[in-house]
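As written, the chain order gives the labels A, B and C, with residue 1 at the start of each chain.
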C-alpha cells in the first residue's frame, strides 16, 4: 500500500516540489534562499534518482494518476526513458546554473531576488512538460514554462530586456493559442486528451481526416515558434543575447528543448497514420536553413552573447534534421531518434556551459564585445577552457557528445538512403567551427597594453561552466551506454527496426 | 603490468600536458622536468611494449565509445613502428624546444599543447580501428592549432585560420569516408591484409562505392599529408616557431596523414584488394605529381624554412608513392621512408632553427660561409640534405633504393623517371645551399648575432617578444639546441649505415610488409 | 463532430480575427487584446464541438479546459500588460521597435 502510494506521489512531486520551493523563495527572506535551494536541489536529485532506480530494470514507463483519477478527466504523469533523460539533464544544468547564479548576482540585488522564484517555477514547468502524457497538461506546462521564461528575460527591468521579453511573450502567446486550438480539435475528434489516444483514434478512423492534418499543422507552427526554428526564430537572439547570463543559459539549454520534446512525442503519435515523409523533409529543410542562417549571422556578431544566441538558432536547426528519417517502417528511424536525444543533451550541456563561461569573461572585462575580451581570457583561463570544451562539442569533434549525435545522424541518413544530408551535416561542422574559432582565437591575441589587473572572479563561476563543458566534451564516451539505456526502438512504433 | 602499458603511454604526455597548463610561467625547472620526464617515460613504455611484443605479448585496450563502435588501442607492428619514431623524435624535440623558447612568453601554454600533440600522435599510432583513429586525428588538429598561432601576430593567426580550414575540411571528408564504409560493412578494425580479404563476396559493397570511399579517404587524409593540391596550409604554417615546424613536418601532422594512408591502404582495404580495385594507379599519379611539384616549388624559395616545407610536400609523397606501388619492394620503400624522412627532416628543421636562433639567419641568401661559423650545425644539415637527395650512406638512400625496386616490380617504369627527376631536383635545391654554406666567404656581420628571442620568417625586430639578452654567442648553437640536432643527424646516418642490421627500421619494415601481402 | 450552431462560425471568426490582430496590430496592447479575442474564440469552438449531451449534461472535460484556459489567459495578459506599461514608462513607446516604423507617432 505504501509502496503504491510512494510511487503515486513520486512523479507529481517532481513538479510540485520545485513549485513549492519557488513559492517559498518568494516568501522567505534572502538569507534563507541559499539553504532552501540547496535543500530543494538535493531532494529533487533524490526523487530523480528514485525514478531511475525504479525504472532500472525495464524500460516500461512509470505512471501516476493524480488523486487516483484516471484519464481523461484526471491528470496522468508518465515517465519513460525520454522523460528520465530530460529530468536528469535539467537537474545537471540547474545545479550548475544555480551555483553559478549564487556567485554571479551582486549581493542583495533586486534582479537576484526575482531570479530565484522564477527559476524554480520554470523548473516545475519543465518537469511537467517532460512528464505529461495528455494534451492539456502539456498546454499548461508550456504556458508555465513560457511565462516563467518571459519573466526571467525581463529580469533586469531595463528597456532592452523589456522589449525582448515582450516580443518573446507575444510569440509565446500566439504559439500557445495555436497549440490550444489543436488540442481542442483533437479532443473534439477523439473524445480523450491522452496522447496515446490520438494514434489509436487515427488508426480506428482509417483515412486521414482533415482535422488531424490541421491539428498537426497547428502543433507544428506552435512548437516551431516556441523552439525558434527559423524562420520563426525572430524573438530568440534579443531574448537570449540580452538576458542575464544564468537566464540565457537556462533559456537556450532547457526552454528550447521542452517544446521540441513535446513536438517529438506528437510526431511519434501522428506518424503511423499520416504520411509524414514530405513534412519530415520540410522540417529538415527548414532545419538546414536555420543552421545556415544562424551560423552565418553568428559569424558577424560583435558581442559574444549574441554570437552564442545565434549559435542556438543554428543548433536548433540541427535538432530538426532527423525528422526526415524518423518515419515508421523507415530504416534508421531508431538511429534518428537516438541522434535527436543525443544532440538535445549535447547542445543543452554545451550551450549552458558556453553562456556561463562567456558570462565570466564579460564580467571580467566589463564589456561584452569580442575585441574587449582579450584581457579577460588571460585573467580567467578556466572559463576559457570551458568555452573551448563546449565549442568542441558544438562543432561536433570527437570524443564529444555532439560528435556522437552527429555520428548517429550520419548513420541514420545513410540507412534511410538520404545521403545528400551528409553533405550538410559535414558542411555545418565547418561553419560552426568558423564561428567557434572566432571566439577561441581570442586566447592567442597579445593582451592589450591597458591590461589592468582586476580582482579575479570567484573560481566557482568558471568551475560550474567547466563541469558542464567537460560533460559535453567527453560525453561521447558515454554514448554507447546512453544508447543502450535509451532503447530507442521501444519508444518508436512497434515493428520498427534499428 | 601489461594492461597498463598502453594507457600509460598515452597518459604520460596527457597528464604532463594538463599539469603544465597550470604551472606559472616562472617555474622553468619544474616544467622542463615534467616535459622531459614524460618524454622519457613514454619512451620507456614504448620500449617495454617493443620488448613485450618480441616475447609474444599482445597489448590491447577496448573501451566503450559510440553505440556499436568501441575505442580500440592496440600495439601492432605497424603502430609500434610509428609510435617508436614519434616517442624518440619527441624526446629530441622537447629538449630542443626547451632551449629554443627560453625566455619567451606563454611557455606553459605552449608546452601544454605540445604534450597534447604528442598524446594525439601516439593515439593515432596505437589506434586499432577507424573510429579511434579519427578521434586522435581530430585531436591532433585541435592540439596543433594553438602551437601554430602561439605568437599571436596577425600573420600567424591568418596562417592558423588557413590551417584549420584545411585540416577541419579534411577531417569532415575523412569522417564521411569512415561513416560510409562502416554503414556498409560494420565497424572496421585494422587488420593486416585488409578487411575485405576476410569478407565474403555478398557482404562486399560494389566496386564503384568502394572506389568512391577510397577517394574520400585519400582526400581526407591527403590534407595533412600535404598531397597536392591540398598542401596549401603547410608552407604558410612555417611562421610557427622552429620546434613546431620540426614537429609538424617530421613527427606529427604530416606523418599522421601519411600513416593514415598506410593504414587505409594496407589494413582497411588491403593492398591486394586495392590493386584489384584499380585505385593504386591514380594514387601513384597523385603522389608523383606532388613529388615533382613540391620539388619544383622548393627551387624558388629563398626562405629556408619554406624551402624545407616544400621539400616535405615532396618527400612525404614518396611514402604515398611507395604505398601505391603494388609489390613488397614498394611497400618497404614507402614504410621505411616514413621513418627515414622523419629523422632527416627533423635534423634539417633543427638546423634551420639553430641558424635563426643563433645568427638571425632565415634566408638561404644569408647563409654564405655559415659552415665556418656554425660547423656542427652545418655538418648535421649536410647529412640531412644528402639523405634527402638520396646519397648513401644516409638513410634516404635506402628508401629510394627500395622505391626504385618497387617501381620496377610493379611495372610502372615511369615512376623510376619520377624518382630520378626528383632526386635531381633535390640535388638542385640542396647542393647550392651546401656550397654556399661551406665554400663561400661569410659576411662581415650576421643579421642578429647574440641570441635574440625567436624571430622567424618575415618577423622583424619590432615583433620580437621577450627577447632574451644573453652574451653574444661566439660558437655554434646553444647546447640544448645543438645536442638534439646532432643526435638526429647521427640517427639518420645510423639508419642508413645499419640498415641491414636486424631491428633496424628496414628490418622491421620488411617484417611488417610480409604480413600485408597474401602468401 | 456534430452540432452546427451559432457558436461554430462565431468561434471560428473570433479565432481568425484574433490571429490577424496578433500578427498585424502594431501596438502591444492591441496584440494582447487580440490574444484574448483569439482565446475566447477557441473556447467557443470547444463548446461548439463538444455540446451538452442529450441528457443536458455539459462535457466536464471541456469545462475544465476552458476554466483553466481562462485562468492562464488572465495571468498571461496581466504579465503582458505590466511589462508593456513598464516599457512605456522607460521608453515612451507603445510598440516594439520593429512595429514602430508602421506608425507615425514616435
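Heads up, the rule we're going with is that contacts are C-beta pairs under 8 Å (C-beta built on N, C-alpha and C of every residue); 3 or more make two chains touch, one makes a residue touch a chain.
Bear in mind the structure is a predicted one, so any value in this text is a computation, not a measurement.
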* Centre-most chain, if every chain is reduced to its averaged C-alpha atoms -> A
* To do: Look at all chain centres (mean of CA atoms) and spot the one farthest from the centre of subunit C.
  => B
* Cα centroid separation between subunit B and subunit C, in whole Å? -> 68
* **Intercentroid distance (Cα basis), subunit C paired with subunit A, Å** => 28
* Structure fact -> Rounded to the nearest Å, the gap between Cα centres of subunit A and subunit B is 43
* To do: Note the residues in subunit B that touch 2 or more other chains, in rising order.
  => none
* Complex contacts: residues of subunit A adjacent to subunit B -> 338, 381, 392, 397-399, 404, 407-408, 410-411, 414-415, 419, 422, 426-427, 429-430, 433, 437, 441, 443-446, 476-477, 479-484
* Structure fact -> As the complex stands, subunit A meets subunit C at residues 72-73, 136, 140, 143, 146-147, 150-151, 154, 157-159, 162-163, 165-167, 169-170, 173-174, 176-177, 180-181, 183-185, 187-189, 193, 211
* Asked: So in the complex, which bits of subunit C are touching subunit A?
  -> 1, 15, 18-19, 22-23, 28, 31-32, 35, 38-39, 42, 45-46, 49-50, 60-62, 64-65, 68-69, 72, 75-76, 79-80, 83-84, 86-87, 90-91, 96-98
* To do: Using the touch definition up top, name the residues of subunit B that touch subunit A in the complex.
  => 21, 63-71, 131, 134-135, 138-139, 142, 146, 149-150, 152-153, 157, 160-161, 164-165, 168-169, 171-173, 175-176, 179-180, 182-183, 465
